Amino acid sequence: MASNIFLKLLRVPASTQFACLRSGRSLRKKAAALTAAGSRLSCSNPPPEKISRYPIPYKKDLPYDIVVLMEEVESKGGFLPNVFKVLSHRPAEFRAFFAYYNELMNKDTGRLTKAERELIVVATSSYNKCLYCVVSHGALHRIYSKKPTLSDQVVVNYKNAELTPREHAMLDFAMAVCRSDTITDEHFRSLEEVGFDREDAWDIAAIAAFFAMSNRLAHLTDMRPNLEFFNLGRVPRDKSKNKAEDDL
Amino acid sequence: MASNIFLKLLRVPASTQFACLRSGRSLRKKAAALTAAGSRLSCSNPPPEKISRYPIPYKKDLPYDIVVLMEEVESKGGFLPNVFKVLSHRPAEFRAFFAYYNELMNKDTGRLTKAERELIVVATSSYNKCLYCVVSHGALHRIYSKKPTLSDQVVVNYKNAELTPREHAMLDFAMAVCRSDTITDEHFRSLEEVGFDREDAWDIAAIAAFFAMSNRLAHLTDMRPNLEFFNLGRVPRDKSKNKAEDDL
Amino acid sequence: MASNIFLKLLRVPASTQFACLRSGRSLRKKAAALTAAGSRLSCSNPPPEKISRYPIPYKKDLPYDIVVLMEEVESKGGFLPNVFKVLSHRPAEFRAFFAYYNELMNKDTGRLTKAERELIVVATSSYNKCLYCVVSHGALHRIYSKKPTLSDQVVVNYKNAELTPREHAMLDFAMAVCRSDTITDEHFRSLEEVGFDREDAWDIAAIAAFFAMSNRLAHLTDMRPNLEFFNLGRVPRDKSKNKAEDDL
Amino acid sequence: MASNIFLKLLRVPASTQFACLRSGRSLRKKAAALTAAGSRLSCSNPPPEKISRYPIPYKKDLPYDIVVLMEEVESKGGFLPNVFKVLSHRPAEFRAFFAYYNELMNKDTGRLTKAERELIVVATSSYNKCLYCVVSHGALHRIYSKKPTLSDQVVVNYKNAELTPREHAMLDFAMAVCRSDTITDEHFRSLEEVGFDREDAWDIAAIAAFFAMSNRLAHLTDMRPNLEFFNLGRVPRDKSKNKAEDDL
Amino acid sequence: MASNIFLKLLRVPASTQFACLRSGRSLRKKAAALTAAGSRLSCSNPPPEKISRYPIPYKKDLPYDIVVLMEEVESKGGFLPNVFKVLSHRPAEFRAFFAYYNELMNKDTGRLTKAERELIVVATSSYNKCLYCVVSHGALHRIYSKKPTLSDQVVVNYKNAELTPREHAMLDFAMAVCRSDTITDEHFRSLEEVGFDREDAWDIAAIAAFFAMSNRLAHLTDMRPNLEFFNLGRVPRDKSKNKAEDDL
Amino acid sequence: MASNIFLKLLRVPASTQFACLRSGRSLRKKAAALTAAGSRLSCSNPPPEKISRYPIPYKKDLPYDIVVLMEEVESKGGFLPNVFKVLSHRPAEFRAFFAYYNELMNKDTGRLTKAERELIVVATSSYNKCLYCVVSHGALHRIYSKKPTLSDQVVVNYKNAELTPREHAMLDFAMAVCRSDTITDEHFRSLEEVGFDREDAWDIAAIAAFFAMSNRLAHLTDMRPNLEFFNLGRVPRDKSKNKAEDDL
C-alpha cells in the first residue's frame, strides 16, 4: 500500500547520530555559565511575548513524538528554541522540517564544521532579512566557533568580515545559491581553489537552500527569536570553564 | 536515546493518504493517451542524456526503501521524474525532501486544489529561473487544471495571465514569500478579500518556501526535466476518454 | 515636395524576397500536419476571445493594402497571427512596424539563421515578460530549429539552456542590448570569439532592439497569442512528411 | 507576388504631412538666430569626430532616395543630425526606422503636442542612459516648448521637475512602458484623471516603445550627438525675432 | 581676507552644549559596570589589530586640538572609538566631520531622542552594509534606549522589528533619504501622522544623509569597530547601579 | 570645559587658502562675459521662485558670520548659489557643511584638478538623481574644464562619455563609493593602473561620500538650482577674453 512505502521511506536508520541533541548539551552548559556570571536570563519566567502570528499549540494537544522531542531539546539546551513551538502548529510539516534540518546541520559526515554551517545560515538569512535565523544561528555560530564577533560582522557584510579565504569562498557560493543564481562550473572552480570538492559544494548549497525555505517560513509566521539567543556566546567565560568544555 | 526520538518523529501516521502516488496513476493514463494518439514519447528508450551535474546512483546501490518508492512512482506515472534520480545521490536528504514534498503537495486536507498548488510552483519557479520545476510542474498544472495554456502564461508573466481574482491574489502572496518579502497583515487582508484564511495562507507560503529550496537544489545539480514533461497535457484527448477520466 | 521624399524613401526595392510569406507556407503545412494527427485546433471557429485592449477593426474598415497582406499571410500560414489584427488599429504604424519586422526577421542576407533570430526574440521577450512574443516566437523557433524544447528552456533561463557556445554568446549580447547596457568593445570581442563579426552584431542587436519596442506595444495592448501558437512545432511528424518539407 | 504586397503596404498616402521636415525649417531659423548672436556653431566645418562605431557611408554610395532625404533635412535644419548618417549604414532599416519615427513624432493628429512627445523621449532615454537621444531630443524639447531648462530637469529626475500634473502623469505612464511593466487598467485610469484617453495612451506608449528601440540602436553604434544639439534652444533670442517665429 | 571669513564661520558659539562628551561620561560608567560584572574587556591592552586601510597617525604627529579632543573622549568614554583614530589621518576633514556629527547627534534641541537618532544610524548603516557604524551605533542605541535587542532587530530588518508606529514612520522616512529617493509631500504627511513636523523631518533626514557619507568613508578605510562596541549595553546591570545612572 | 575643546577643534588655521572664494572671482568674470555677449541673465532681478521646501531666512535674521560669507560669495561669483540660502535655515549645520565642502572641493593640495572634482560630483549626483548638484556642478565643470559638453555626457552615462582612461577609472571608483559598495584592494589596484595613489583615492572617495550627503539634503529640501547655472560655461567667449582669463 502506498502509505507503507512512504512510511518506510521516512524511517531513518537507527545508527544515525543526532548531533543536534548532543550540541544541545553544550548550549545548556553555556546558559549555565552565563547565569553563573551574574546575568539573569529570562528562561525561567519568560514574558508571554508573542512569538508567532499563528497559534502555538498547547503541549497536551501535540502528538506524543513531538512533545518528547521538545522536552529532550529543552532539557539539553536549557530552553526550547521558538522554531519548535511555532512550527508545531503543523505537526506533519514539523516532522519533515526537522528531519531535513537534522540531516543537514547535525550530520557527522562531510567536511563542513559546525561553525561553517552556521556561518552559511547567518550570511544567507541576513540577505533574506530573517530575524529569527540571523539571531539564533548567529548565537550558534558564536558557540561553535568561539569567535564572539564574526557572526555580527557577517550579518552586516560578509564581504569585509574577518574571514579566511576558505570561508569567503564558501559564503560566495552560498550567496549565489541564496540568490537563486544559475550555478555554473565557474562556481565549482572557485570552491576547488580553496579545497572544497563537489560533495562539499552540495553540503553548502543544501544548507543555503534549506534556509531559503526556513527564512520564508519565519517571515510567514513572524517568528521571533528567544531572548536567550541575543546574548549566547558573547561573553567569554573564565579559563577553567573553557577547559571543562573542551573535555566534552 | 536521541536517535530513537527522531526515529519516532519521522514516523508518519499510517492513515496518511499519499495522493502523490494516486496522482501518478493519472499521469500514466495521460501518457498512455498521448501514445495512443500517435505521438511516440521517448519513455521507452530514453537517450543517455545528462540529467544532473552529480552522479546518478545505480539502482543496486540505492537503499531498498528508495528503490521501492521509485518503482512505485514509475509504474504508476509511466516514467520516473528525474528529481527522484538526481536527489537519490543523497538518500537521507531524499527521504526528508520527499516527505516534505508529499505533505505539502499531496495532502488531502486544506482548500487549495491540486491545480492551484502547481500554479504556485510554476509562478515562483519561473521567478527563480528553475528549468526543472517550471517544466515539470507546468505539465502537472496542465493535467490537473485541464487548462492547456495557463501555465505557459504564468511562466512568462502571471500578472497578465488569464487568472481568476482568487488565483491572482494567491500568486501575489506566493510571490511575496518567494522574494522573501517581510510578510505583513496587509498580505493577509488581500488574501481574505478573495476568501483565503490564515491556514490557506500557510499552505500557499509553505509551497512557495519549499520550492525556494527545490529551485536552488535544481540549480546546484543542473537538474534537467524529463522530455515527457514538455508535452504532457498539451493536446486534448477525445471526449470519450475524458469522460472515462472523470470517473476516476 | 516633402511627402514625395518620404514616399520614395519607403519604396522597398521590388527584388526584395519576402521570406516572411514564404515561411508562412511552412506554417500552414505544420498546422495541416497537426490536424492530420488528430488534434483539433481552434483555427476554424475561434472563440470570440479578447485579443487586445484596443478595438480590432473590421476588415471592411481597413485600408486595402493591409487587407491584402492579412489575407496573404492567413492563406499561407493557416491562421492570422493576432499581432496583425491588433496593430491594424493604427494602419500607418502597422505599415512601418511590419516593414521593419520584415527587414530584420525575413531578410535573406546576413549570417543569422531563422532559428537564431527567433531565439533572440524568445530570450529578450522573456526578460521583458511579453506573453505574445514569447509564445508566438517560441513556436516559430520550434519550427525553424526542429528542436521542440529549446525555446521552452530559453524562456525559463537561457543561461543553462542546451545552447551551443555560439548561441550562448549571441544571447549574452542580445540580452545586453535588451537591458540597454552600454555596449563596449568587450561585447564585440566576445562575439568574435564565436565567429560573429560586427555586421552580425548589428543583426543581433537590431532584433533585440526591435523587440524591445514590440514587447512594449504588446504590454500596451495586452496582446494575446493565438491558441495555435502554444502547440505549434511541439509534436514531431512522421518521417515521410519531414522529407516533404525538406523539399520546400 | 509577395514583394508587391509589401511594396503597396509601404506606400504612405501622399496626403500625409511631413511635419518633420517642416519643423526642420524651424531648426534652421534657430541655428541662424544663434549664429547671428555671435556664437560660431560647428556646422560649416565639423571636426572629423567619430560619430559611430560602424562606418558612415559616403553619400555617393547611398541610395538616391536616402540622399535626397538627407539633403532636404540638412538644408531645412541647418545641419544633418547624426542619426541619419549612422543608420544609413543599413539603408533598408533606415527607411523603416524613419517611416516609423515620422509617423510617431511628426504626425498632425493626436492630442500630444510636439513638446510633450519630445519630453517622453527625454525621460525614457535618460532612463536608458542614451546620450544621443537625451541630447538631441532635449534640444528639440527646448525649441518646441520654449522652456530652456525643463528638459535638463527631466534628464536628471522627472519626479521633481517643474511639470504640470498632465505632464507628470504622461511621464509616469511613459516610464512604465519604458521599463516594460505590465500595463494594467490602473495605468489608464491615472491617465484619464488628467484628461488622456486610450488613443493618447497609445501615442505616449508608442513613442516610449519606439525609443526603447532607438536607445538600444544608439548603444549598439555608440552614436554621438552633433555638437549643435548641446546648445540649441538654451539662449533666448530677442523679442523681435520671437515675434517673427510666431508667424511661421 | 577670505580665510578670515571662513574662520569666523567655523567658530561655534561658546554656549553650545557638547552632549557628545557628556555622553562619553555615561559610556565610561557602562564600561566600568561591565568590568565590575566580571567580563574582561579588551580596553586595557588591545591587540594591535588593523583598524584602517590607511595609516593611523602617532599622537605626537597630530595637531594639538585633535589630541586634546581624543584624550577627553577616551577619558570619559573608557576607550577611544576607532573612527577618531582613522579619520585623524586627515585632520582638516576630521574637524569638519566631527563638528557636523556633533551638531546632528549631540545637540540638545529638536525632538528626536538620543535613542531615536541612533536607531536611524543603525537602520541606514545596515542598508549600506557599514560594519563600523552598525556595530558602534547599535551599541549606543542599546545604551540610550535600554532596550538590549532592538538594534539587533533593526540591523536585520526594521520592517518587522518591535518598533512603535512613531519609530516605524521615522525609519521609513530615514530609509527613503538613505536610498536617495525623491522626497515628496507624501513623505511629510506620513511623518505628520505620527507627530513629526518639518523640523523633525530635517533632523531625521540630516542624520540619514550624514551617515550616507560616514558609511562610505568607513568602506573607503575599511574601518573596524572597537571590540568593546560588540557587547556594550547587552547585559543589564543590577538595579542599584541602574538607579545611580538615573541620577546623572 | 567641553565646549572649549570643540571650539578649538573647529578653528581652521589662518594659513588655509580658500580657493572657493578665489574661484568665485572666476565665476563673476564668466557671468560678465556672458552678459557682454548679449544674453540677459536673471541675476539682477530673480523671480521669486521657490527654491526650497523649507523657509529661506531673511538676511537680517541670519548670524553675522553667515551673512558676511554670503555677501563675499555673491560679490565674487555674480550671484549667490541657492545652496547657501537653503542651508542657512540651519546655521550650525550650514557652518559644518561649508567647512567640509571647502576642505574637499577647494583645497590646494592633492592631485585632483578642480575639473576632476566637479566631474565626480556630476557623475555621482546624476546616479542619485539630484537636480541641484547635477546642474550647478555641471556648470562648474564646464568652467573649470573648458569642455562645454563633457558634463552633459557624464550626466547621461559616464560609461560612454569622452573620458580619458584616468577620468574613467576615477569615476568607476567614485561610483563604487557612491553605491556604497564594499571597497576592496581591487579598487585601489584599478586606480593605481592610471596613476592614482591611496591619497588620491581618499580624495575621490571623500568627494563622492560628501555628495552622497549633499544629494540627500537637496532631496529633503527640494533644492532648486539657480537659473544661471543651466547656461554657465556653455557658450565659448571670443579669443581675446579667453587670453585674459588665462592670466588669472
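A, B, C, D, E and F are the chain letters, set down in written order, and residue numbers restart from 1 in every chain.
Definition applied: contacts are C-beta pairs under 8 Å (C-beta built on N, C-alpha and C of every residue); 3 or more make two chains touch, one makes a residue touch a chain.
Everything numeric in this text was worked out from a predicted model, so none of it was measured.
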> Shared touching chains for chain B and chain C?
Replying inline: A, D
>> I need the common contact partners of chain A and chain D, sorted by label.
In response: B, C, E, F
>> If I list every residue number at the interface of chain A and chain B, are over half of them used by both copies, so same, or under half, so different?
In response: same
> If you average the CA atoms of chain B and of chain F, how many Å lie between those two points?
Replying inline: 59
> Using the average of all C-alpha atoms in each chain as its centre, how far is it in Å between chain C and chain D?
Replying inline: 27
> Between chain D and chain E, what's the gap in Å when you average each chain's C-alpha atoms?
Replying inline: 51
> Between chain D and chain F, what's the gap in Å when you average each chain's C-alpha atoms?
Replying inline: 32
> What are the residue numbers in chain E that touch two or more other chains?
Replying inline: 129-130, 157, 159-160, 182, 219, 222
>> Tell me the shape of the graph of touching chains, choosing from line, ring, star, complete and other.
In response: other
>> Let me make sure I understand the interfaces: which chain pairs count as touching?
In response: A-B, A-C, A-E, A-F, B-C, B-D, B-E, C-D, C-F, D-E, D-F, E-F
> Can you list the residues on chain F that touch chain E in the complex?
Replying inline: 2-12, 14-18, 21-22, 53-54, 65-66, 68-69, 72, 89-90, 92-93, 95-100, 102-104, 107, 128-130, 177-178, 180-183, 198, 201-202, 205-206, 208-210, 212-217, 219-220, 222
>> With touch defined as at the start, can you tell me which chain E residues reach chain A in the complex?
In response: 37-40, 126, 129-131, 134-135, 148-149, 152-153, 155-157, 159-161, 219, 222, 227, 230-231, 234-236, 238
>> Which stretch or stretches of chain C touch chain A in the complex?
In response: 157, 159-160
> Along chain E, where are the residues that touch chain D in the complex?
Replying inline: 182, 184
